Amino acid sequence: MPFVNIKLTPDGLTAEKKERLIAGVTKLLQEELGKNPATTVVIIETVETDNWGIGGQSVTKRRQAP
Amino acid sequence: MPFVNIKLTPDGLTAEKKERLIAGVTKLLQEELGKNPATTVVIIETVETDNWGIGGQSVTKRRQAP
Amino acid sequence: MPFVNIKLTPDGLTAEKKERLIAGVTKLLQEELGKNPATTVVIIETVETDNWGIGGQSVTKRRQAP
Amino acid sequence: MPFVNIKLTPDGLTAEKKERLIAGVTKLLQEELGKNPATTVVIIETVETDNWGIGGQSVTKRRQAP
Amino acid sequence: MPFVNIKLTPDGLTAEKKERLIAGVTKLLQEELGKNPATTVVIIETVETDNWGIGGQSVTKRRQAP
Amino acid sequence: MPFVNIKLTPDGLTAEKKERLIAGVTKLLQEELGKNPATTVVIIETVETDNWGIGGQSVTKRRQAP
């Protein structure tokens, strides 16, 4: 009964891609660890690039860098 | 000083219902564990059905199933 | 299918108290929001008082204050 | 490679303030703990006042109190 | 630069299995969403069965049921 | 009333360093965003290097690389 929380920036994240991500993570937990897919929960949360920092600056600013 | 994070799908979740949820969880922690309500924090986060997976598929898809 | 994460300090938190906490939160979500208990997940995480800060100091230090 | 998740209400939270928050937390982790800024991740999540409870009531209601 | 947090019960979770889980999730995010593996962070947290509730009771109690 | 969750590997993380981290983050949120220190909560969680993945491998394995 694993619980998986995935946070990522929303760039091009369609419903179909999310569907494949949910299916893929659930299958991986079943194959590698024998976890029951029926009780595997996956929650996807999108985070705007202004709100995601790495290396001391936001992803927004990082992408603007020349 | 407990911290409680509740994630759920937004279906029909009014401000009044959230108010009762916050009050109920805080009271429960006081009654069962003697936790001080003044420093009990409850954060409610809604997650769209496209972003919530269980059993290897999104709740959106699951609800469409015949 | 709500997901609830409760973080608290471990003081006197017995298995029996945790059992009552899980039952109480699940019941509350059913009664207030009509959520299905079968898919309600509750995860309790204990956090040592050295690792919990409020008001700019750890709970350990706060409790030592005269 | 620390991971920092900051949840707060959105009041007046501009992109510039978020930028300073990301920079400040990253610098703090470097100065106090010697953590490498290049792999320090900071995620800021805003939570509406209806969804944030403290003292058994939402921040929305708390602010309305006379 | 996704961030993935996986919570699961510790049953038989060896270092080798965790290694495969980290590799698998990172690869999945690359293949399905084109995410850069170099900045994909995966954090695995184990949660004791006493602390994991589903269906209103702990996994410990659930497993004892006849 | 911000809530801050810091996850990091336990290397050399003394009580004193955690104390400074809690104080520093709380001060930063006050100075940059005007947040009230009295209701700022900081939770530090340590994650073993086996359980922390980046670039598709655990930090344990990454550190062993020649």
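By written order: A, B, C, D, E and F. Residues from 1 in each chain.
Simple rule for what comes next: contacts are C-beta pairs under 8 Å (C-beta built on N, C-alpha and C of every residue); 3 or more make two chains touch, one makes a residue touch a chain.
Note that the structure is predicted; figures quoted are calculated from it, not measured.
Looking for a copy of the B-D interface in E-F, D-E or A-C, one arrives at E-F, which has over half of the same contact pairs by residue number.
Counting every residue number used by either copy at the subunit E-subunit F contact, under half are found in both chains.
One inter-chain figure worth recording: subunit C and subunit D are separated by 21 Å, centre to centre, where each centre is the mean of the chain's CA atoms.
Taking the mean of the C-alpha atoms as each chain's centre, subunit B and subunit F sit 25 Å apart. Between subunit A and subunit E, the centres computed from C-alpha atoms are 13 Å apart.
Multi-chain contact residues of subunit A (touching two or more other chains): 1, 3, 7, 21, 25, 39, 41, 43, 45, 52, 54. Each chain pair that touches appears in this list: A-B, A-C, A-D, A-E, B-C, B-D, B-F, C-E, C-F, D-E, D-F, E-F. On the subunit F side of its complex with subunit B, the touching residues are 1, 3, 41, 43.
The residues of subunit B lying in touch with subunit D in their complex are 15, 18-19, 22-23, 25-27, 37-46. On the side of subunit B, the complex with subunit C involves touching residues 1-9, 13, 17, 20-21, 24-25, 28-29, 32-33, 35, 39, 52, 54, 59. On the subunit A side of its complex with subunit D, the touching residues are 7, 45, 47, 50-58, 60-61.
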